[in-house]
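The two complexes that follow have subunit A in common; it is paired with subunit B in the first and with subunit C in the second.
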Partner chain A sequence: MTEITEQNKVSEKFVPKPSLPPPPNTTGAIGWLRYNLFDGFLSSCLTVLSLIAIGFMCVNFYEWAFAKAVLEAANRQECRITPTEFGTCWAGVKFWFTRFIYGRYTDTEIWRVNFAAIILILWMIPVWLPRVTAKLNIALSGVLIFPFLAGYMFLGGDRNWFMEIMVSVALGCFITVMIHSLLCLFTGAGISRWIIQLTGFSSRSERLHKFPVIMFAVIIFLLSLFLINDVAFKEMPNNLWGGLFLTLVISGIGIASALPAGILLALGRRSKMTVIRVLCVAFIELFRSVPLITILFMATTMFPLFLPEGFHINKLASAIVAVCLFAAAYMAEVVRGGLQAIPKGQYEAAEAVGLTYWQSMGFIVMPQALKYMIPNIVSNFMGLFKDTTLVSIIGLYDLLGMINAVSQDPSWIGLHHEPLFTAAVIFFIGCFAMSKYSQYLERNLGAGHGR
Partner chain B sequence: MSGNTPSSSRGVNAVINDERYRSIFYQVVVFGLFIWAVLSLIENTQINMATRKMAVGFDFLKNTAGFAVAWTPLDYKPSDSYLMVYWVGIINTLILAGISIVLATFLGFIVGILRLSKNWLVAQIASWYVEVLRNTPLLLQIIFWYLGAFANLPRPKQSIEILGFESLVLNNRGLYIPKPQPEDLFWLTALALLVAVLIAIVLNKRATRKQQQTGKYISTLVPTLLVVFGLPLVVFVLTGMPLDWEIPALKGFNYRGGGFVLPAMLAVMVALVIYHSAYAAEMVRAGILSVSKGQTEAASSLGLKQSFVMRLVIIPQAMRAIVPPMISLWMNVVKNSSLAIAIGFPDLVSVFMQTSLNQSGHAVEIVALVMAFYMTVSLTISACLNVYNKKIQLTER
Partner chain C sequence: MKKLSLLGLGAGLLAAFSFTAVPAIAESTLEMVKKRGHLRCQVGQPTPGFYNLKADGTWVGSDVSICRAVAAAIFGDPQKVEFQSVSSTVRFTALANGESDMLSRTATWTIFRDTQLGLNFTAVNFYDGQGFMVRKDSGIKSAMELKGATVCVATGTTTELNLTDFSRMNKLDIQPVVFSDNNVRNESYLKGNCDAITNDKSGLAAILAGFPDKEAHIILPETISKEPLAPAVRKGDSQWFDIVRWTVFALISAEELGITQANVDEMRKNPPNPEIARFMGVEKEMNKGLGLSKDWAYNIIKSVGNYGEVYEKYMGFGKEGIGIARKGSPNDLWTRGGLMYSPPFR
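Our next item is the complex of A and B:
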């Protein structure tokens, strides 16, 4: 009997029951809450505590930022909400906001700063557009040649022959970069190919192709020389520079000079030549082991003593030199880290193909090392951007210096918190964007999985 | 080497193209340039100092400083010398940095572990804590803490009594705490503590050796605690409790007696601790994540208890990734404590590089002395780091 029933069972076709839905409290919003917020007694306690803390902070922040806000006032005394209590004086921030951004730069000349900023942005945008070719040249020209244009726009005054040439070269470069990027975007071919085609040189031999391009460059240079001939800006001495503008100028120059200087120092530190290695190690260790503020004090007190007679260096220039030295030493260590991540086989392979030292570094090692270094380089830049606030201690009016100055203005005396909050927000946005961008690069370049 | 014969010109070429000779040539050139630069800098400096009638040399260190320092544990009077000011600055910097390092590391460990919490809300709060603090300048945070919290404290008459203690008060002159006053026989207690620590170390060593030999685990936690706390306590009671507390009391407009800490010091300390704890948290998180999950699973499959998995397998490996960056973070705390100058705490940079330099005008000497101090600290720390790195490298396969 039993055998027969078992055989019957086997011959029946097996139909699985449909699976039950998961218990309702493990899916959807409730499941998420259970798993992530109330997973056990300790977790629930932490959640409740965190909620209380968040609620407390939100209520206090709302009271401070909104409930007590005073939006219209002509001076600090008008910011009182009761005779004894000051409200949150956003009116003060509104009143001083231009100063926080541009320092004591004359109002009618502020457009020059904005104009230079827009030129820089336009100059750098093509680097991020996939269709544009010759990105390295665009980026290099932006870093090396743009500062002359920006320097003149910020400083104004008379131009000597050198500035005349450099400013027109910069303007010419800018025009070329713009035409080149637009051509690349819409036609897919770069500017040099267009020039060669339009001048009919495309049928000639390749050796002659450079002539129409050089001609074009000369024409553009003469054109921009002609363009700036009548332009003259009012002189704005650099003690008027200030605010976020000055912060960006100092950190921008620091960033732009740190990478090349850091690469050279790092290569020097790994060099086989003893003298060069010892000098590089000494420089790096000296500037990395002392605080930036001591370097800034050294710059303001000792640089004037170092110069030959008849030369003068102003405070801003010494601060910039100090920041550059500091940034170069830190960047050198970042680059060294990247160089160490490159396997020795790469160096040996480059040597075996017969490349010289600079060729093997430039074409084989650095391109790979830079990829590893990008996250660290960006966080280094971030640090430099934040550290630039230290120049306020030696008496420059950067963003933080402006805020200190405002709090001592007779009619706004004691206005601290609101400007500080504004500055914190500005710095946070800048640094947060940079750090997110570096994380994005890290993911995209796959450098995070390198080792 | 002279002449135009082909063989000798080939010899010249061989010398020019030989890497060794070229490297020597480059080094000589670089060294020459360096010497020239240094000599011309020295010459310029001498000329400039002569025209400005500035004296050279470290003799000024013996001169009377003549200014008061707002806070120092040392016995400093305005009539002391500049050398004394240097020591005052160093001690103040080291105290500020030392306390900040301990607290920042501790807080960093807590936040780092919270960032890895399975609780979503807690992890989010911890990660925003890190983001906000790391993305704003430290100087701004110091000024914010000072002006936002510690400059608005009440006057001495309306002091805040912390936890209800009358002897622990906070007001706009600072934080007042009872000051221990050791009496004659207190050194015996200190000695007892030293002996107790030595005994504890020996105990732990023996327990470890026994475990390695026999495999038997002996818990040393209770005996260690008993010895370290018990022995000094017994000696302290036996010698008749030779410790007195000097309690701050309100006299007139201010508190007198006891120990006190400037509001500026509190502000800069809170800022340093919180700012660096964010960095420490990231290091702890990265360190724990760097231990692969296979290690946890392997340890569990050996039958280790959950607490042992963490203590014996995960943490020792995580420490290898945490300690080196943590030590350079400590170096950063020492360096960043110099920002205390922004709110007037008398640290080394503030008393020596600013006040003393402005008074005496000896820029070169003072800058050199200050840099020498910071370099000594960082080179010492990085030497320790190298020793540690060597040690953990040996334990690797």
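Our next item is the complex of A and C:
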């Protein structure tokens, strides 16, 4: 009894009064506005001024992009809206758009570029599908083997025995990846298990399992060899490559090679082996301290001077090599920064459980470090994507090169705002997509621990 | 030097896979071009009239036509050219290092370049010169009236130097406003930030063609510099030098002789006079020293037309032209008071 009364007393004592609602002008839209935009005289002034500025810009932009737009015209003179004023000549952008994307690639062959792009997308989609297994193999094959297939599709011409084999291997890989992904989606098991079951090898010992898989690989290879036997593409020498296509080829190869090369260089720089360390430091410092444009000029113009007479280096190839070396040097320092963020205890723990150098790097250090490096790595990739426009100076017609050509074309002479705006939009889409993807990766990998 | 060798080593190792090795010691340029199957002709970054990229991806222009003419003379096919569009900072290096077989771009023939850069200019195919453009309502009629004027000019070229020379010589105290981007320069002038704009006159005509109101501007009569533009080749191969030089002469001669793209077949069948017969390769053998086929000059005219036709098409008032009048200019034939003159085909 006494307990209950005491409890009653306590509960009587502590019944909280319902709290009053906050004053109406501090909640909802009005509260938000007051707190964020009109908090005092100065803040209100700044808000009003900014609103006026934004409004002014919006109105001007609308007028430029829409009100004055001319969508149909055969040349710039027809884009005039009054006798003495040009409208915003989107017709010119429309007229040149195919060239922005594909450069001087012959119209009838453009499907090859698109086809290779579709293959790459199909190849990479399984990496994002949760039910698919062996993602690392799919991604690696995409990065290492797809370039041969794409290279042949873009370049065309005769295949020597090496290309014959590599293109077949690439096509075989693609077919395998597709079958594997579909099997994973519908049955939940990967291709090798399916083959083993189908051939009845599942009942035999594990040791024998590899034989049907190898047989399958050989069959697929022969099949692709047979498939490409009659395929012959017209040769499209790479001085015809251009536009966004070329930008993506250069930056794509640069990006794909930068991370692995950067990791190796960073590890080399931290290595205890003097020769390797000195070489890596020299490479990184040399390429980091020289502007990209200088490296491009050296590779495409100066380097041929040191060669014996009659040697001719493909300009695109040397530009790509230059971009790769440059990107690797920058990436190395990003990776090194990430490595330094890992506490020494992790290295020691890895050593203590008896892991070798490569094991401790591959299983302990890198997975943690790479997670923290994502924002920097992606910034680097974006930078590289945009830096690629420098190749227009050495005479490769990437997106910016094609854009600049418009204003010199006698039919569209002087037209440069609209094409440049188009390029800005294209670059923004590319970079924004990269940035969004990196944020998704960070969330997924839990970098930053939800803070 | 460490820089160079390291770079060379790295690039060499990696580029070893991408080399297309053509060991060609003591091979003449003509043999090399023939073996390769196409001509490597260097042009610049798109410049109205001279070399333009069209929206269908092809190169056109008067300098481009020279490349096509040389290809026609060698192969009988004007399509057998790979155009190398190189920025002007490395144009001569790209010729010297063997990347290009010849250079056909707006390069001014000067003593320094001709004697010290390891290249030879062949024959002038366009006489240009620097001039001024002003707004009509400014009332300026002569460059001598530009006292204290602000003038928009592109940086990094001889244009800027010529302007300061001109200003000092005539005590005009011209204020140059310097731009690195030509489009921005043109727009600044249009917006009224400068009183005048200066460039090569061919360039001025192209700029004017891009203005909305062409009637509101005039190009002043003075020409303040000599800019003879000529195709160039590497020093040391006189046969190749002759081929390019006589390709230009063939274009000029054809106009003088009245041979056009339209009547070239007819003229070859029934040559009206012995010089045309020699030109067409019907009489005598004018091709021997050049190492070309007998009908080389015929092929040139058949593929690109004569000098006048090329001029009208790209520089004059043709559909793709930029509208530079030829009459009375140095680019007219010598018979009409210009400077275009070819030695005889004899």
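Methods note: the second predicted complex is superposed on the first by the 418 of 451 C-alpha atoms of A that agree within 3 Å, B and C clash if a C-alpha of one lies under 4 Å from a C-alpha of the other, contacts with A are read in each partner's own complex, and residues count from 1 in each chain.
Assume contacts are C-beta pairs under 8 Å (C-beta built on N, C-alpha and C of every residue); 3 or more make two chains touch, one makes a residue touch a chain.
This structure is a prediction, so every number in the text was calculated from the model and none was measured.
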Partners on subunit A (subunit B, subunit C) - clash or fit: clash
Touching partner for A:Ala134 - first (subunit B), second (subunit C), both, neither: neither
Touching partner for A:Ser435 - first (subunit B), second (subunit C), both, neither: first
Touching partner for A:Asp387 - first (subunit B), second (subunit C), both, neither: first
First, second, both or neither for A:Met273, with subunit B first and subunit C second: first
First (subunit B), second (subunit C), both or neither touched by A:Asn314: second
Subunit B versus subunit C as contact partner of A:Thr106, first or second or both or neither: second
Touched partner set for A:Leu305, first subunit B, second subunit C, both or neither: both
Touched partner set for A:Phe283, first subunit B, second subunit C, both or neither: second
Which superposed partner A:Met166 touches (first subunit B, second subunit C, both, neither): neither
Location of subunit C clashes with subunit B - one stretch out of 182-190, 218-226 or 326-334: 182-190
Common ground on subunit A, meaning residues reached by subunit C in one complex and by subunit B in the other: 286, 297-298, 301-302, 304-306, 308-309, 393, 404, 416
Parts of subunit B lying in touch with subunit A, wherever the complex brings them together: 23, 26-27, 30-31, 34, 40-41, 44-45, 47-49, 51, 117-122, 125, 131-132, 134-140, 143-144, 147-148, 331, 335-336, 338-339, 341-342, 349, 353-354, 357, 363-364, 367, 370-371, 374-375, 377-379
Partner subunit C, residues of subunit A touching it in the complex: 76, 80, 83-86, 95-96, 98-99, 103-107, 237, 239-240, 282-283, 286, 295, 297-299, 301-306, 308-315, 317-318, 321-322, 324-325, 393-395, 397, 401-402, 404-405, 407-411, 413-416
Residues on subunit C engaged by subunit A in the complex (per definition of touch): 3-4, 6-8, 10-11, 14-15, 18-25, 27, 32, 45-49, 52-58, 82-87, 90, 93-94, 96-99, 183, 186, 206-207, 209-213, 216, 320-322
Of all residues in subunit A, those that touch subunit B in their complex: 36-37, 39, 43, 46-47, 50-51, 53-54, 272-276, 279, 285-286, 288-294, 297-298, 301-302, 304-309, 382, 386-387, 389-390, 392-393, 400, 404, 416-417, 420, 423-424, 427-428, 431-432, 435
